[in-house]
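Let me begin by handing over the structure; questions about it come next.
Labels A, B and C are assigned to the chains in the order they are written; within every chain, residues are numbered from 1.
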Amino acid sequence: MLTNITMGQYYPVDSRVHRLDPRIKLILTIAFIVCVFLASNFAGYILLSAFLFAVCRLSNVPFKMLLRGLKPLRIILILTFLLNLFFTPGDDVWVSFWIIRITREAFLQALFYSLRLMFLVAGTSLLTLTTSPISLADGLEILMGPLKKIRFPAHELAMMMTIALRFIPTLLDETDKIMKAQMARGADFESGNLLSRAKAMVPLLVPLFISAFRRAGDLAMAMESRCYHGGEGRTRLRVLKITKNDMIACVIMAAFIAMLILAGRFIPF
Amino acid sequence: MRNDTHILAENVSYTYDDAAAPALSHVNLTVRQGEFVAVLGHNGSGKSTLAKLLNALYVPTDGCVAVCGFDTRKEELVWEIRQRAGMIFQNPDNQIVATIVKEDVAFGLENLGVPTEEMIPRIEKALSVVRMSKYADSAPHMLSGGQKQRVAIAGILAMEPAVIIADEATAMLDPSGRKEVLDTIRMLNRQKGITVIWITHFMEEAADADRVVVVSDGEVQMDGTPREVFSQVDRMRQLHLDVPPMAALAEELRKAGMPIRDGILTIEEMVQEVEKTLCQSKSAT
Amino acid sequence: MSIEVRHLTHTYSEGSVMRTVALDDVSFTVEKGEFVGIIGHTGSGKSTLVQHLNGLLKPSAGEVLIDGEDLNGEHVNRRALRQRIGLVFQYPEYQLFEETVAKDIAFGPKNQGLSAEEIDGRVRYAMDCVHLDYDKYSASSPFELSGGQMRRVAIAGVLAMKPSVLILDEPTAGLDPRGRDRILTMLEELHAREHTTILMVSHSMDDMARLATRLLVMAEGKLLADGTPREIFSRTEMMKGAGLDVPAAARLCQALRDRGIDLPTELYQADELRDAILRLWRQGKEATGC
């Protein structure tokens, strides 16, 4: 029922993209996000799509997995599209009746905004699909390392993120189980108005929270018993090393940014 | 103290912060290197509290615990102790930290500050000992309960412990998972000489331990070989524990007047004894 | 109330690489008042099967008939049918959520739309069934109870709906011997007193030997065998093939018979085996005149 959420789920295969240093991947993802905002015309969007598709192919992650990550967003996407479509001012009117007015400008903006959202989510999903949460956390921890000097808890944050990611599938399974158990007691999660539906969630959420707290307590004890004592003096199984592969990736990204800027400048559509 | 004493608990009492009565009182326990000690007790008997005292997760309110000679009351020794006394818990899901099996096995080593080059062979070895090498790159939530527990064991094993304390490590598993985990621990005990404290409420799992310690109401009630402990059928029942079915049957036959000897635990022993008794009754002329 | 399962098949993730057939052409009928034990290795399809029996899962093929009515039929009031079939999941204590024991048990009856008076009666009845004292526990928080007590509260929550059929998925998993005995005794009483039809999934053959009047053996999604415990436990080879044990008494009986001791076949309960051995011993003594 709830097992088909792929956002933030690692897809464990081997590929050049998987092997990239997580720090580099994080930086490249940020660069990609900047690119998404840099793209100002259709040519840019075509380039972005081509780039995403190519990276996806290179990463051995099925394109379907990437699309599936967009599914939970479909309502927001539709909303973004519609809001922009109806409320963007413009001159070139395509459709007009009653209070509805759709202009060419509005349509283009709606399209751009929803595409932009899709690219952002797909780009970041690609990061999480190809990077194991632990190495992602490692990467983040090192990137944020300099901030430790101003007492920023980089290690703790990274560890929290790892654990959260580790427990997502477990808690999803649990939600499914509790939901079924309450349905067997006659609970109804599907009908009624918004208020009664929110109320119907109580028998689901309370046990889920209790279980999460219990797990947290257990896990804390298990970690302590395995000598966990914060980030100090800790070594890593994965030592991060910048390889030739990483350098190539950076060069490709730089070239891509250049192409995007050029496309925005010189291609007129 | 002899230097092959791995666990020494002297007159240990422990009271939880918000509790009126102690969870453990005046417990004495000495475990020597290589022993396989099963600790039996019903829920709330104090057996889990005992486990946590043996790994310095708790510090005794009274008395003292020493692990391989290290006193758990001394805070600076806590990492020495936890490295030597590895612990496996009941819920397989709630003790796996990482999202990839081998990275979870690495967790303890990372905490100890083991250099990376040294870590890799230790992880590989630990995984191969528990026969989980195949799953080194798998996600833990795809594994069965028994497999998850074996990963947890590998995580402990990589730290090269002297003692493994299993706190109801099989309570949430199905029969085949239980067997998997118990067989793995037994193998570690026999082949690597690792001392094992096996905490359980399954009588079957205690049956071939070297020694059975029965805990109830926070006190050690019995301490002896499985044969000595399990032949006291009535006493075990009083403590709300199961007895091996053959020991129970032997007791009932004895009560009905049949001359069955004490200390029967297995089906083979029972077969021999019944056969003998029946033959005697036939040829007693 | 009878349950009829006809050619039930269930496939997970149809049409993908993960496709697995969890149930494969399973058919059987359970009549009112039976105590059916469902046994099988993990992954044999037991849990999938029980979730079909109250409509939480829909069959890929085949049907489930409750008193002749198709549970997944078009014009069926599924919620009403579902309420007549109480399903207790594994580790049911994890579903408790209310502030008090009484309120939690009342959740099911409330969903059934009963009056406050009726609900109170149901809560008292259910707590009585699971041996929890109403005056002592009804106002306490379920989260302050012991594990075994919490489980009994959860079972009471299902019993309060007065189902005609009670299905339990490993109701004793993770409990210590005392907790386990309480649950089994409670089920035994319920079955004897109210003739509730009970289906129970369990890994413990000794529990099955004690309670079940009939056993269904599942293996790889198929119904491997269906018969009385006596029949099933005497088929040691088949049980071994399905990765299952037989009760200790059945193994002893088999071993004694192998040694030429004249015991009746198919004994599987400790009590009957004890009596049979004693009978032989007394006969031997009488024959020799001592």
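The definition used in the following text is that a residue touches a chain if its C-beta (ideal position, glycine included) is under 8 Å from a C-beta of that chain, and two chains touch if they have at least 3 such contacts.
Everything numeric here is computed off the predicted structure, so don't read it as measured data.
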If I rank A-C and B-C by number of C-beta contact pairs, which comes first?
B-C
Hey, which chain ends up farthest from chain B, C-alpha centres compared?
A
Measuring from the mean C-alpha position of chain A to the mean C-alpha position of chain C, what distance in angstrom results?
44
Could you put a whole-Å number on the gap between the CA centroids of chain B and chain C?
30
Numbers and ranges of chain A residues touching at least 2 other chains:
none
Contacts with two or more other chains, residues of chain B listed in rising order:
none
Specify, in ascending order, the residues of chain C that touch 2 or more different other chains.
none
Quick check: in the complex, which residue numbers of chain A touch chain C?
174, 177-178, 180-188, 202-203, 206-207, 210-211
Residues on chain B engaged by chain A in the complex (per definition of touch):
52, 55, 57, 79, 82-83, 86-87, 89, 91, 93-100, 102-103, 106-116, 119-120, 123, 137-141, 155-156, 159
For the complex, which residues does chain A have touching chain B?
10, 12, 132-134, 162-163, 165-166, 169-170, 173, 214-215, 218-219, 221-229, 233-239
Of all residues in chain B, which touch chain C in the complex?
42-44, 144, 171-172, 174-177, 201, 203, 240-242, 245-246, 248-249, 252-253, 256, 258, 267-268, 270-271, 274-275, 277-278, 281-285
Interface residues, chain C side, partner chain B - complex
41-42, 146-148, 173-179, 203, 206, 243, 245, 247-249, 251-252, 255-256, 259, 261, 270, 273-274, 277-278, 280-281, 284-285, 287-290
